[in-house]
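One chain, chain A, links the two complexes that follow: it is found with chain B in the first and with chain C in the second.
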Partner chain A sequence: MSILEIENLTHIYSKKTPFEHIAIKDINLNIDKGEIVAIIGHTGSGKSTLIQHMNGLFKADRGTVYYNGSDIWENKKNIRNIRFKIGLCFQYPEYQLFEETVYKDIAFGPKNMGLSEDEIKKRVFTAAKYMEIPKEYLNMSPFDLSGGEKRRVAMAGILAVDPDILVLDEPTAGLDPKGRATLFSIITNYQKQTGKTVIFVSHSMEDVAKVAQRVVVIANGSIAMQGSVEEIFSKADELLEMGLSIPEITKVFIKLNENGHNFKLVYTVDDALNQLRSITEVRDNE
Partner chain B sequence: MSFIEFKNVSFNYDESEKIILNNISASFEKGDFVAVLGHNGSGKSTFAKLINGLLIAKSGCVTVDGIDASDENTRIDLLQRVGMVFQNPDNQIVASIVEEDVAFGPENLGVQPEEIRKRVDKALKTVGMYEYRKKSPHNLSGGQKQRVAIAGILAMNPQCIIMDEATAMLDPKGREEVMSSVKELNEQLGITIIYITHFMEEATLAKRVIVLDDGGIKLDGTPKSVFSHYDTIKEVGLDVPQPYELMRKLGVNECVLNADECASILEGLIENNVDSGN
Partner chain C sequence: MNDISFGQYYPSDSFLHSLDPRFKIIFTIALVVGMFVCNTVLSFAFAFLVILVLIFISKIPLLTYLKNLKPLIPIILLTVILNLIYVPGKNIILHFWIINITTEGLKTAAFVTLRIIGLVIITSFLTYTTTPTSITSAIESLLKWLKLFKVDIHIFAMMMTIALRFIPTLIDEINKIVNAQKARGADFDSGNIIRKVKAMVPVLIPLFISSFRRAYELANAMECRCYNGGEGRTKLKTMQITYKDFISLFFVIAIIAALILLNKLKILGV
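And now, the complex of A and B:
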């Protein structure tokens, strides 16, 4: 059974005004437990609107979101618990830091859940460990940290709530290449160790190819296609038309094939290397 | 004298805090297209803000076209020469109609209405947004909004445009649109471009790349010469474009930055392989 099931979801902004605008339309999407799913789409395609329905921040005009088989809005009073189970991390989450110390900031979520001091402490330490935040940072002000560190603290605050599903809206926007690589390795390690479900939005095709197990493409408020990294990035022309792109390394192989070669398309540098290994081995032997 | 000159420039926000830029000297000529790279916190934005006087050097001196960037009395002259586009497209649009937003700059400079009309139309045509002139900016895509922001600067007839991570929040197509607009301004109008980015692919399209690290300029040169310092690039938290990464791993030492060039070198390798009797 899917952990999250979205059925015929439609959301209209500024309904019954001259500015009425259909943000997402008839979205059907199933997310399995333990998956890492990337959502890609042009700006304004409805990605952020979609993910804000996943934990009930938005209520759809039509359609239903099921978590573990039940409608998240079945009991309105229960929506708070749904938000503990489905953790949503906004773009630039570091702007939401507010506490005096890193510890207090990470503890804010569990504290609001009414957990005991001991349990809160345990959760703060566990979350900090997952996010690779050194222990000595816990007593520092979050505002004395670097941009990338602040972001990890903000994300630890979400992990401390211990959600089943982690939803991340462009988690690496504005980070330098090393910061991006570190954050994605943290996210994949967290997923491997906990077996939890991760959904992330990204504009970096290289990162999507490296991290995701499944890719969902949103265009103009609808799902244009979904499938494995291979299935999606082999449709380069369609992606380009939708304002998206393919990894740089894939472009190299498309070019080679245009020149009469017959390579399998690749999406990461390592895959490219594997395919070209025979050539390099010959060179090494020479 | 160069168009933009940094002479022994140092900067820190607070006496007690760490020095962000330490004794930097550099010069940029008119018509340059300079990509500025560096990890988060390396001082890229500080560097940019010193050029248009948003920040003032603690020691040393920054001049643009001979104007001292720290001089309050010539601030207007400086701002007319140097415009800046910021990261978030939604934070820099002030009007509710595209063409009014573009007119905001020249209006504030006291330009005559007929002249403003001409400049606004021309600027919007240059960035390919003329047909959207009567539209409301909030209905535009991120890339379109950034192009409107660029048009707003163009309408002030600048000599230099600074892009401070202006593509960070855009989708691939938006990034491409902005980059191609900027390239055109540089090549056809000779506008000097200072382009701050975390996307290495964008930096490969500039004429010159500088890498900031630890308060200083670590690398400076053409994209090929800068990226060929593979180890240094990785040490300072940056990356090289994927085609070059592949070349390195294949044992090819030539710095290859774009997909087409990479493909043709691979073809050579494949032919070699066939020739050697396999």
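And now, the complex of A and C:
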């Protein structure tokens, strides 16, 4: 069964004013338990708007969001508990840090849940470990850290709540290639160890190809297509039309095939290497 | 698009929108004075006729103006009650306990109410049809003569413009931070006042930090573009006085004159 189900979701900004703007319309989306789903789409296509509906930060003008089969807005008072189940990490989460120490900031969520001191401590340490935050950082001021470290602290603040679904809005925006790689390996490790559901928004097709099991493409506020990485990136022309792209390495292989080679299309550099290696091995053996 | 939705500006292509903001400020002041001049039934009737025509010309729905009146309802009610009770008079129409309601009281209450409503709508004409930035540059231009007294009006105008420019940015930022903290279970709605104030800390600290960062970045950006105060600065959007402004000027003078005349005419003594 789907852990999260979105039905006919429509969101209109500044309703009934001259600035009225339909950000998303008639979105239908199912997320299965334990999946890693990537959401891609051009700037302003409505990705951030969509994910803020997932944990009830926005209430839709039309449509329903179901978590484990029940409407998240069924009981208004319960919405805070829903937010603990569906952890949402905004773009540039480092701007939400406010506490004196890293420890206290990570503990903000668990504290809001009303957990005991011991449990809070356990959660902070676990979250810090997942996010690879060294122990000695916990007593430092979050404002003394580098941008990438701040980001990891802020994300640890979400993990400490221990949500069932982790939703990340452009988690790697503004990071260098190494920072991006680290962050994504952290996320995939976390997912593997806990088996939780992860939904992330990204503009980097390389990251999407490497990490996602399923890709949802949003264009102009509607879902344009969805499917596995292979299915989506095989429709390069359509993606280009929507202002999106395909991984660079895939472009290379398409060009090679156009020039008479006969490679299997690949989407990550690792797969490309494997394919090339296997070919050279065959040659060496001959 | 988000950037212009601040203040109360209501975009449209009406005659009022196209007037020179300096003239609009002067017209507003004139009509506000006109509203205070009114003290007979006829002059009020004429004033509201003018207001209705202006609402029509502005191409902004009547409801939008009325929305502005909503927060004033308590004040209006209070003045009505106070006037009814306290204005002395001879003609008692209602008497109970120690309270006398007189025709004089009734008249003052009605006029004060009409005056408040009129004033709100008249000032809305300015704020609805003029962007905050053009209002600021109009004020700067109107107060130029203060330079004679060594008051640097440009600095104030610049500060105003920047402040106005950043209001929507700050609102955006507050929304974002509030949502980010809500996602971690922050609770802004329940509890007593002390708890609510405490709940604002996780919002205010990130807000201050980002505001200082913004201020610093803006100062740098301005310096990089060689900003050095008002001396010799020109404007991208210069204000243009057109024939429309003079036509309007004529009408405003005529309206004020009519109001003064109508004040002399009384129907049934009011």
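Keep this in mind: the second predicted complex is superposed on the first by the 279 of 286 C-alpha atoms of A that agree within 3 Å, B and C clash if a C-alpha of one lies under 4 Å from a C-alpha of the other, contacts with A are read in each partner's own complex, and residues count from 1 in each chain.
The criterion applied here is as follows: a residue touches a chain if its C-beta (ideal position, glycine included) is under 8 Å from a C-beta of that chain, and two chains touch if they have at least 3 such contacts.
Computed from a prediction, not measured in an experiment: that's the story for all the values here.
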item: First (chain B), second (chain C), both or neither touched by A:M205; value: first
item: Partner chain(s) touched by A:N259 [first = chain B, second = chain C, both, neither]; value: first
item: Touching partner for A:I158 - first (chain B), second (chain C), both, neither; value: second
item: Partner chain in contact with A:A272 - chain B first, chain C second, else both or neither; value: first
item: Partner chain in contact with A:G148 - chain B first, chain C second, else both or neither; value: first
item: Residues of chain C that touch chain A when the two form their complex; value: 1-2, 5, 10-12, 176-177, 179-187, 201-202, 205-206, 209-210
item: Chain B - residues contacting chain A, complex; value: 38-41, 87, 141-143, 165, 168-174, 176, 198, 200-201, 237-239, 241-243, 245-246, 249-251, 259-260, 262-263, 266-267, 269-270, 272-273, 276, 278
item: Complex contacts: residues of chain A adjacent to chain B; value: 41-44, 91, 146-148, 170, 173-181, 203, 205-206, 240, 243-245, 247-249, 251-253, 255-256, 259, 261, 269, 272-273, 276, 278-280, 282-284, 286
item: Chain A residues touching chain C - in the complex, by the definition given at the top; value: 14, 17-19, 21, 52, 55, 57, 80, 83-84, 87-90, 93, 95-98, 108-109, 112-113, 143, 157-158, 161
